[in-house]
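Presented sequentially are two complexes of chain A, the first with chain B as partner and the second with chain C.
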Partner chain A sequence: MRNAHRGRIAALLLLVVPLTIYIAVYVAPLLSIVSLSVDNGALSNRFVQLSEAIGSDDQDQRAAALLHDLASMDARERAEAARMLNQELGGFRSLVIDTGKAAEKIDPTMAGLVAFDARWKERAYWDVLSRNLASFTWRHFQKATGFKPDETGRLRLAEGDDIYLRIMARTLLIALQVAVLTLLIGYPLAYAAANGSRRLSGFILTVVLLSFWTSILVRTTAWVVLLQSDGLINNLLLDLRLITDPLQLIFNRFGTVVSMTHVLLPFAILPMMNVMKTIPKTQVDASRSLGAGSIETFLRVYFPQSLRGVFVGGGTVFILSLGFYITPALTGGPGDQMVSYYIAEFVKKSLNWGMASALSVILLLSVVVLLLLGAGAKRLFGGRVVEA
Partner chain B sequence: MSRIIYWTSLALSLTFLILPLVLVLPLAFNGSSFLTYPMEGFTLRWFEVVFTQAPWVSAFLNSLMVALGAMVVAVVIGGLATTGTILSGRWGQLILSGLFVSPLIVPSVVIGVAFAYAFGRAGLGGGYVSLVLAHAILGAPLVFLSVMTSLKGLSTDLDRAATSMGASRFYRFRTVTLPLAAPGFLTGALFAFITSFDEVVVALFLASPQSTTLPIALFSGLRDRLEPTIVVVALLLSVLSLLFLFALNTLQRRSPSGAR
Partner chain C sequence: MNNITKLLLASSCVFLTAQAVQARDFTIAGWGGNYQDAQREAYFQPFADAKGLKFIETTYLGGLAEVKAMADSGNVTWDLVIVEGADLQLGCDEGLFETIDWETIGGKAQLNSHAVQPCGAGNVVIGNGFAYSSKAFPEAPKDWSDFFNPEKFPGKRGMRNSPKMNLEYALLADGVPPEKVYEVLATPEGVDRAFAQLDKIKNLLQFWEAGSQPVEWLSAGNVTMSTAYNGRIITAKSEGRPLEFVWKNHIYNIDVWAIPAKSPYKKEALEFLKFANSAEPQAKFSSLMPYGPTNLEAAKLLPAETLERLPTGKNIADALFFSDAFWIDHSDELTERWNNWSTR
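Take a look at the complex of A and B:
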């Protein structure tokens, strides 16, 4: 009893350092991007007086607060606020910038405001303002998914705003193509590694592990060199007179999918091989002795039992593909970039942490949900195999 | 018929897996600056460039320093995390393992964005420290897993023998179990080192021009201009992976749990 107690205390003492580092360096940053994705500090901190006055019934008080807030912003802050509000409702940019420039001269009443620009009479502008004064916003997620609430509050897909939705669909499609290709190419290798002679399976395993541990960047480099327009493949085809002009093999979907397939191949092979090793060879012999041909035996006895490995391998490749960045960046064109690329662009090009965070949260959630689904399916599927 | 299908598909798949690197890496020795065959003589001059010119040499040194630092930090936090987790209760083990392994499933870009923001706010941005910490977090799960595997694979007989001689649980753990798990620590350290040395995405978000690592230099070289020096760097990184695989193999043969 006392020993068990001491064990617990020792565990706690040992865990202090790793838990502190994990929480400070890893958990806290992840949580900070979750909060950044819904953070509206850039707007709520600018309209301090208005956010207090917006609830009042006194129109003049609201107008005065708005003018005071606009007057206290510098030109850059005003432009930023105008840009954000304009994303919500067209026309806001000019309205905010013009009113802001003249804020000190306008009579601080609703009548004065409307006299300066008649648009201030319209409710829509005030509604958008009051919605965006909170320190919390769905704006980034609305932009990322293209879904926005309309006047009645129902979510609608806004026209022409589905750019990130299409990028997500493209990401899923590329991940699916890569997963299917790795399975097709990996299956014979996994089969030979599990069933071939000792020398063959040892050779294949070594090659697969070597490929697994060679950096993704190095393998991508090989493909860039192979696929370029005066690269090895084009030169070979030209020398064989199969083509007369170099083919465009890189900076398009072909290059992206081929190089990603090569990079991710080991992740499909290893799980398939592990499952295939557990399939008893006696079953194949039994099927053959009962008169089934080798192809029928494979299709009806072997293949169904190897499916568990196919799902694990394909699922792993699919999930890993979703977050791919450097391989498509080096071998794809502008139309082949995946979600990760746009996340990186938002950070590096426009310092738009809100959009980068919202897309990151969506990507991370997709991966977690798929992993949970996979774990659930594995439990169901794995149970059936044990029964059989 | 089925033999033909089997051998053809195997040959095609094997070609796809092996040929790219086998064809491209020898171009590091190509006499001309074109990355294609036939090779025009054999030269080591691209190696000389990589080993003497500033961007590559300093990137290599940066990578080495970051990887060594990340390895030490990862082994310390991964090792402490494993031992602490093993000594916890059943639920504690489940939750702690989940937390300590979770960096493996978070896409690198997400980690990159999160760390770039948080480290920037903390005033760590761009430096050696932020790269070491970030890579340590990526390496720690691998240390955790390999130490955990070697601890769980240990025979319970030795532990029981120590119990019969009156050793307490904590004393047994410190003097019997941990020394036997040493190969697990070494394997984990290797994993952490190579993970950091090969890592691009998170480093792209964190590194400043002064702390550029070798993979970043390779990445920007690829975007910029294809030169034989790029293939030289790729070849050197592949040789490193080969050495790593060899070391891993030797370790696994020696470890008591690897004998199963």
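Take a look at the complex of A and C:
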């Protein structure tokens, strides 16, 4: 009795270890990304006096507070704050750095500030400052969605600000196209591999796994070689006199979808094949012996049972597609870049990690919403599929 | 000994060696390709041989993400990196690079004044212009207005997916003289004017990511013209590819050696800068890779036919010096507008 109890505690303790590791390697970075997307500490902690004075009607008091805050930052902190303010308003960086360097010598009045640099007269700079004095900010999300509060505080989508929404929609569309295509191509292959002769299924598996084990970069570059203007396909069509001018097959949506479909095909085939292998062949025989034709048997007996594999394969391809960026960058045109491309740009080139995090969070949320919708749809229609 | 013990022993050996490598060798990050090959021959190897130092190389793709991660985590894995001017300035202000005491390393007088920076030593002058396939047109395109003229010069255009330099090219094509470009670009009307030029070729654009792509695309006929680095095109041309680089009104910038903050090899890195600033290795580098030297004496060591391939002398007579200061202030907003424009 006692031993059994102890055993259970030991098992529990043993489970705690992988759970902790899981939380550490999965959930913690996720939380840090979420916090990065709304964190404004780098600004709020450094403009302490200004955040008290910003509400005051006395211009000189605001100017003096700003100068005091700038003077108390070290050069590094000032540069970081300047970089963040510049993300909101071009030119703010040099204004903050120049003013900061001379902060102690400038007369602590608004007139003194404006005399040092006339830009301090403009309201835009003060508006950006006053928006960024809280330790928490929505500005990255506002930029990512394009919804910004207007003067009355109502959220409004200005024209041209919807760039990331458009890119998000495009990302979802491309992912959907790729998922559907991989399923259409993958289903017959998976069927043949699961039900065909040993030799045929071995051959299909080898081909699928070979391409699975080849680097994405190599496979993508291979498509460039095949599809470009004087590539193999165009040359073949020209030689056969089917076309007179080379077709534009790459650096557009077509090239992007084709190469992504090829790269992701194994992720659709393998789960479908595994599910199909579990469908007993005797059921097909039974259905035929009860008088159903081969098409009816497939549609009413085989296909519904293979749907689980279709959902797993399609879902995997869809989710993986959402994160693609190397393949579209190499085979797509300007109108085919997906959201990860811009996330990478913000991380690497503009050092705007807040914006990169906000876009990642939105991407993650849209996946969660889609999964929930999928689960809901399954609950609604799930029974009917089996019935049919 | 059974198999499992052997496996354990082997893996612990691997683990221990991995630990030993942690006390790592002198590490240099460069832009890869034949650019880095030439640097190895002209700088890395001679320097390492002279100092009896072991070095390893890695590839850098621009931006400050890696250097910032090193500074934030305290795990500094690079000792030298060759960066673009704007990144040097940003990183220097935020303390991501070591400051350089020019009095100690000396040699300042021999260098181009743009090369002497608080956190870096400018080393390589790069010409950014456009190239065309010499088979594509009966008449050769001569300047930026030809690049932006799809009626006279049909075909796709390669460009980098960034507003940097492309907006300048557009204004040059629109007839703005080089010395006025940044003045015009600083006004909202100037930016509109640049985008209006870009609209003319928008449906022909194809964006490149790496400097090798324009060479491949032009050779394969995917594009008829492309913006490009002079070095890549001129090297490919000397290998027999039918490519031409247009020097007229090109933009030149300087790549800069910088030392990531708290590098354990700071002393060696500073000695490297001293070596890299001197005339002989710079002349050697320029003879291997057609980019220009920053040491004013280096040109005297080079024959005339090499100088013709470099962004120096008469080639930069009507060129524009890339403004890091302008782009540090305006990159965020102009990149946003560029992305908005290019994805529509």
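Definition applied: the second predicted complex is superposed on the first by the 235 of 388 C-alpha atoms of A that agree within 3 Å, B and C clash if a C-alpha of one lies under 4 Å from a C-alpha of the other, contacts with A are read in each partner's own complex, and residues count from 1 in each chain.
We take it that a contact is a pair of C-beta atoms (placed from the backbone, for glycine too) under 8 Å apart; a residue touches a chain by one contact, two chains touch by 3 or more.
Nothing here was measured: the structure is a model prediction, and the numbers come from that model.
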item	value
Superposed model, chain A: greater residue contact from chain B or chain C	B
First, second, both or neither for A:Leu217, with chain B first and chain C second	first
Touched partner set for A:Ser35, first chain B, second chain C, both or neither	neither
Chain A residues contacted in one complex by chain B, in the other by chain C	228, 230-231, 329-330, 347
Interface residues, chain B side, partner chain A - complex	1-3, 5-6, 9-10, 12-14, 16-18, 20-21, 23-25, 27, 34-37, 73, 76-78, 80-81, 83-89, 92, 96, 99-100, 103, 105-119, 121, 133-134, 136-137, 140, 168-170, 173, 194, 198, 200-201, 204-205, 215, 218-219, 222-223, 226, 230-231, 234, 237-238, 241-242, 244-245
Of all residues in chain A, those that touch chain B in their complex	3-4, 6-8, 10-15, 17-19, 21-22, 25-30, 32-33, 36, 185-189, 191-192, 204, 207-211, 213-226, 228, 230-232, 235, 262, 265, 293-295, 298, 319, 322-323, 325-326, 329-330, 340, 343-344, 347, 353, 356-357, 360, 363-364, 367-368, 371
Chain A partner contacts - residues on chain C that touch it in the complex	61-65, 68, 90, 93-95, 161-162, 205-207, 209, 220-222, 325, 328-336, 339-340, 342-344
Chain C partner contacts - residues on chain A that touch it in the complex	75-76, 78-80, 82-83, 86-87, 89-94, 97, 160, 163, 166-167, 170, 228-231, 246, 251, 329-330, 333-335, 337, 342, 345, 347-352
